[in-house]
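Heads up: the structure comes next, in structure tokens.
The letters A, B, C and D name the chains in turn, as written, and every chain counts its residues from 1.
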Amino acid sequence: MTLLEAKGLSIVFPTSRGEVKAVDQVDISLGEREFVGIAGESGAGKSTLALGMLRLLTPPGKVVAGEVLFHGTDILKLTDEQFRKDYRWTKLAMVFQGSMNGFTPVFTIGSQLKEVLALHGREASDSTISKLLETVDLDNSIASRYPHELSGGQKQRAFIAMALSLEPEVLVTDEPTTALDVITQATIINLLKRLRKELGISVLLITHDLALISEAVERLYVMYAGGVVEEGPSIDFFAKPKHPYSQGLLTSTPTLTSNEIKGIPGFLPDLANLPPGCRFTPRCPFAMEVCKRDYPPLKGVGGERVACWLY
Amino acid sequence: MSGKSSYLEEFSKSKAGMIGLALLLFLLVLSVYVVLAYPSNIASTWNNPESWQGNPAKAPPTWVTLLGVDAPPSLEFKGGQWANASVGSGNYNYSQSYTFKWTSKVTPSNIVFSPRFSGTPLEAEMTWSKPDGQSIVIYIASPQTNSNYDATDQDISQWIHQFVEAQTGTLQGTVTFGEELDALFDADGPNLLSNPVLQGTYHVRIDVLSRSPIALSPSSSLTVDGRSYGIMGTDLYGRPIQLGILLGLPYALELGAVTSVAAVVFGVVFGGISGYIGGRRDGFMQWFTLVFLALPALPFLVAISYSFTLSLISEALLIAALSWPFYAIIARSVALSVKSQAYVEADRAMGISAFRTFFTHFMPRLTPVTIAYTVLGIPAGILLAQTLAFLGIAPPNIVTWGGILDEAFVQEAALFGWWWWVFFPGMMIVVVATPFVLVGFALDKIVSPKVSAK
Amino acid sequence: MTFRRFLVVKTISYAVALVATVSILYVGIYPSLQRVIKDQATAEGQQFQQSLVRAHANLTQKQIGQQVAAFKATFLAQFGFNQPLPVKFALQLQNLFTFHFGSSYFTLAPNGSNQVSSIIAAYLPNTIVLFTTGTILVVLAGSIVGLLAARSAGGKLDRSIPFIAVFHSSLPTWWVGFLFIAFFAYTLNLFPSGGINSVPPPVGLVPRFGDFLLHLTLPLAAFFVVNVGGFAYVIRSLVFSTMGEDFVLTAKARGISNNRILFRHVLRTVSPSIATQSILNVASSFAGAITVEVVFRWPGLGLLTYDSILSNDLPVIIATTFILTIVLLLGLYLGELCYGVLDPRIRSG
Amino acid sequence: MPAGSTNDPVLKLEDLCVFFTSKRFMEKAVVVKAVDGVSLEVGRGEVVALVGESGSGKTTMGRAAIGLTAPTSGKVTLVENDLEVDVGKAKGKTWKGLRKRLQIIFQDPFSSIDPNMRVYDSLKIPLQSQGVKDAGEVSRTIDDVMRRVGLPKELLDNYVFQLSGGQRQRIGIARVLLFNPALVVADEPVSMLDASLKGDIIHIIEKEAKERGTAFIFITHDMAVARVAAQRIAVLYLGKVAEIGPSDRVIENPYHPYTKALLQASPTIEPGMRDKTKEVNVRGDLAISTEHPPGCVFHPRCPLVMDRCKTDVPELKELEPGHWASCWLY
């Protein structure tokens, strides 16, 4: 059952050099109880996509096309007030890249947890708070502390506790472990996996780290320069990525089992001035004439979908 | 885009900034004109009430007539040759006539006769003929050259009083000020002094009698002081406000510029270095900034003016000494944000000297800030200086708007409704500030994002 | 622990700053201060001489002269006139800090004393009432306008605020006062043109208070008009920079309404800065708004200073400057403490 | 041979300690032992990785190694042509001269080069301040380093802010290579770069080490990157070396429980993991406390802690040739 779905979503940022197409006609879906990943490098548009789907874009960024369906309702069409009351945090919660700074610095962690609960009409007692903190392996004393008194890992966990406080159906996590040490990172990912199972929520994990994503998700999307280039079950994908970019990305990810590392030559194209055709063409070892001309649509290739003229 | 040329380019795109720049140039040209066109001792002329007797006092600007206010402007009759005729037995008679039309319903504020001649005339005889045919004859015995005879002078008023007595049939002990003009302009009859003003053509003939030939200068004049003057009116002494405003302009600009440049340059260098070196020395420099920040500018300057005679430069430097801390605080935060960048550390690792680092990384960011705040600081300096002038503290022999306003305040201009005396000098402070603000804001907008950007 | 350290460090640093600031002031007024002291010595000497003559009719002119000279020398010695400069400096500073400003040449306190300290004590409360009330109004209105402007960033209000701010800040307050008097007092006859109450004041507490309010309105309005724009601008900038922080976005994601984010999360976060700004505003308005009092004949320190300038009453001028310096520094100090109290990052280390 | 030593060393750290003492008014003096008795040698053309969590002291150690931070005790020596320079005590001219021999690559390419300068100027200024005045030599040197980091000459006229992160990091490396230094500390040079660009940067470092014999201290928190980039890995914990040895050995056969935990926690491409919980055999977070625990500094988090660990400090022991660990288990 599809829970959350973006259809043909396009997001642009007007700049002095022209419109930057941060997200260009992206289709993405998240099923019930599913753990889905979005992988890609900086400039791929993955964070923008997530913010766009949760109506959190800051102006001047704006959605120019497409719809976002939650249980079949286009949530982009709702009024701000409706969406705020009925969806934000109660159904759709998010853990941000900057969640380290996600707490208002002048209130204690406990009071911020209570505020969210109370605002949405839940019970906001001390015991609820300590139970919440317990689910993310934090002890009760955290509640009376200010954000600046916590370590990065503690803040991230406390924020996850806050994200789960209203038992949302979807949890979007955007680089939840960047800037954390590996050991903390592993515990956070473990926590996400455990909570998904225990609470039966759907999780969308956005990260640049293919290794991290491989250990967590069931299905993943790979984005490049604002578009999805490949989508499929993670087993299939990691066994044999189809898109040349996916292949390059995988070989450039350092692993403990190999002494070798490769890079992808060249750089990301200018998003304000995109060439026609496939955006990966200038860096692609298999580039053909057609690639320069036409943008490849997503096609089914052996259980996966790939946007490449090779298939 | 970055670099110096792009700052200019961006600035030229700001409409407000360009308008400000144009206004600024206009003010500059105007003040250069003032400096060149008026003698350097003009301030002492300004401060001498005698020099302004020919002007109507307390007159609103002439353009109020356009708003339907009945405030006739002054009429001045000057020049023209004197017709002369010998009247036998060694008597000489020189004469001149003036004709003017009076259409206003109010009398003029005064009439002033200013004979200019060489020799010793016996008397001057003025025949004032009203539109209804009545004439008043005024004899001035032994007129003096370079004197101004106005309607309230004994020489003139006694004849008017006689006329009043003749018309009203009552003996006038004293005639209060202004009633001379009623006599000269109102319709005749027993109620002369309360009759309406006669509109129509007035003839004034002046004869000068002498026993020996004299030379009457064409610069002799008869002025009918109106009830309005110039673009901005006059004050209690008849000084034109517009002149005061012009004379005050170079002072205001110069003081503002010197103050701002001194304060901003010192403040930015001080704050910039403070932020750059950091540590204990930074702490001390911050404390030093606080010490000056805590000096209350206005009272301090007042108190200090009792110890030293102010000149324009010393006043400007004193104001600067009290305002640099604000700029030091801003510059320090800019320097800190630069310092937090790894390229400062990288320079050290490269063996590049601290001095060079300061110039390659800090100055390019501090300079635009300096320029923007210098521009924004000028109106602040002007305002403070004018406020001091209002309190009676200003370098001697300088005309200031604050000083003009001080006089307006002392003379209770607001109570008497002499609004032009209050409005224009004050407005000038705002007007002069405006272009600086427009330019400064345009600059600030260009500069600030670059400071904060990584 | 940390907050106590913060307190002690700040207190020491401001105390030392106070001495330093006053020293600068001292250098600036040195010549006039010496003149004042000598004048006082002469005046007191004359009084002493008269009382001497009255009390001891048998004294010779020479004896009187000697005694008066000795009296003057003792008087001057209190101010270190026979001492090297550093001691003189210390003694005179001590006299300033203990509010021994001497006696005024012309002004009298309502209780008839000509001691400058009593005169100041009589005038200072009026200044405090006017500008504290004024600043409270400015802070309230400025904060609301600033917050609203920051909320609708890029909107009409937002774009016009900088211009209003600077236009206002280049308005001389006293001039605005002038215009207000001309219009509201003399043209419309709505408010009295100046003073703190009618002469004679109305009978009864309530009418008297009403009369006071009536007199307060115009100076308050002039002060408000000139200052509110700048304050709103400061708040707008503060709020604006805070609105870009991560926690604002996450608060929005949490389903907290925009108003609540603005008026609770953002406002509380910038509140330390607002508090500092407000206190600084009060303190500096005391010093900067002399002229408002002058124009409205409001019997506070400003008017006192102005009248003293007109009558060359130096002791009073020196004293008001000294008092205003202390007030300003005290304001800066309180502002910093307020920041410390309101910001948990300082309060709890 | 003692722990951490190597043949033909360029740089020797001997019992290096860097303590930061902050004594603030009214507060107890706080001593942070960022580096606590580390001995390490880096050989000519060798890349040694320092691995550890934030707070492990790896950056401080790197900075002390090139003289940017003064050691509290211990010795840092640069060995070149049989000449030894005491880096820790160098001052004035000697120190400035060292800037040509010992260099550093910074983590953040966006802040380590002034974005408002032209690329050419950012390379020219270091050369000039080291006394290279001849215009021809300046431009030859600049062309050479641009080639070595794989950037086209056309970029020289651009402003730094017009460059992408990957390009900027290459400029950062080019600046470092200007003087062909003897040793370069690369402080997390790839951690802020996109995956597709990491390989190229590592390759540039490898090539410089191989072709010019430049030694590198490669600081990273990522075991996988360390393996790819370095011949030897030193794992740091709270300012001390927990384990040091050849990269392959440390990763394939780790001895220290902390190394094991780091390796367990490191993500690998392993889609089969998605239904399992990752084993992380440490407790709690890295103590940010300033007081180091007595005994083994790792014992409060160690899953295999023994009584002895709480009181006695373990020495580094050679457990395989060139592979040392400090743990009471061995």
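The definition used in the following text is that contacts are C-beta pairs under 8 Å (C-beta built on N, C-alpha and C of every residue); 3 or more make two chains touch, one makes a residue touch a chain.
These numbers were taken from a predicted model, which means no experiment stands behind them.
Between the chain pairs A-D and A-C, more C-beta pairs are in contact across A-D. Relative to the centroid of all protein Cα atoms, the closest per-chain Cα centroid is that of C.
Separation between the centroids of subunit A and subunit D, computed from CA atoms only, is 32 Å. Centroids of subunit C and subunit D (each the mean of its C-alpha atoms) stand 57 Å apart.
Note on chain placement: the centre of subunit B and the centre of subunit D lie 70 Å apart, centres being C-alpha means.
Here, these are the chain pairs in contact: A-C, A-D, B-C, B-D, C-D.
Contacts from subunit C toward subunit B in the complex involve residues 13-14, 16-18, 20-21, 24-25, 28-32, 162-163, 166-167, 169-172, 174-175, 178-179, 181-182, 185-187, 193, 284, 286-288, 290-291, 294-295, 305-306, 309-310, 314, 317-318, 320-321, 324-325, 327-329, 332. On the subunit C side of its complex with subunit D, the touching residues are 1-2, 4-5, 8-9. Of all residues in subunit B, only 2-3, 340-343, 345-353, 356, 360-361, 364-365, 450, 453-454 touch subunit D in the complex they form.
Those residues of subunit B that touch subunit C in the shared complex are 287, 290-300, 302-304, 306-308, 376, 379-380, 382-383, 386-387, 390-393, 402, 405, 408-409, 413-415, 417, 419, 422-423, 426, 429-430, 433-434, 437, 440-441. Note for the complex: subunit D touches subunit B at residues 66, 68, 96, 98-100, 103-104, 106-108, 110-117, 125-126, 129-130, 159, 161, 172, 175.
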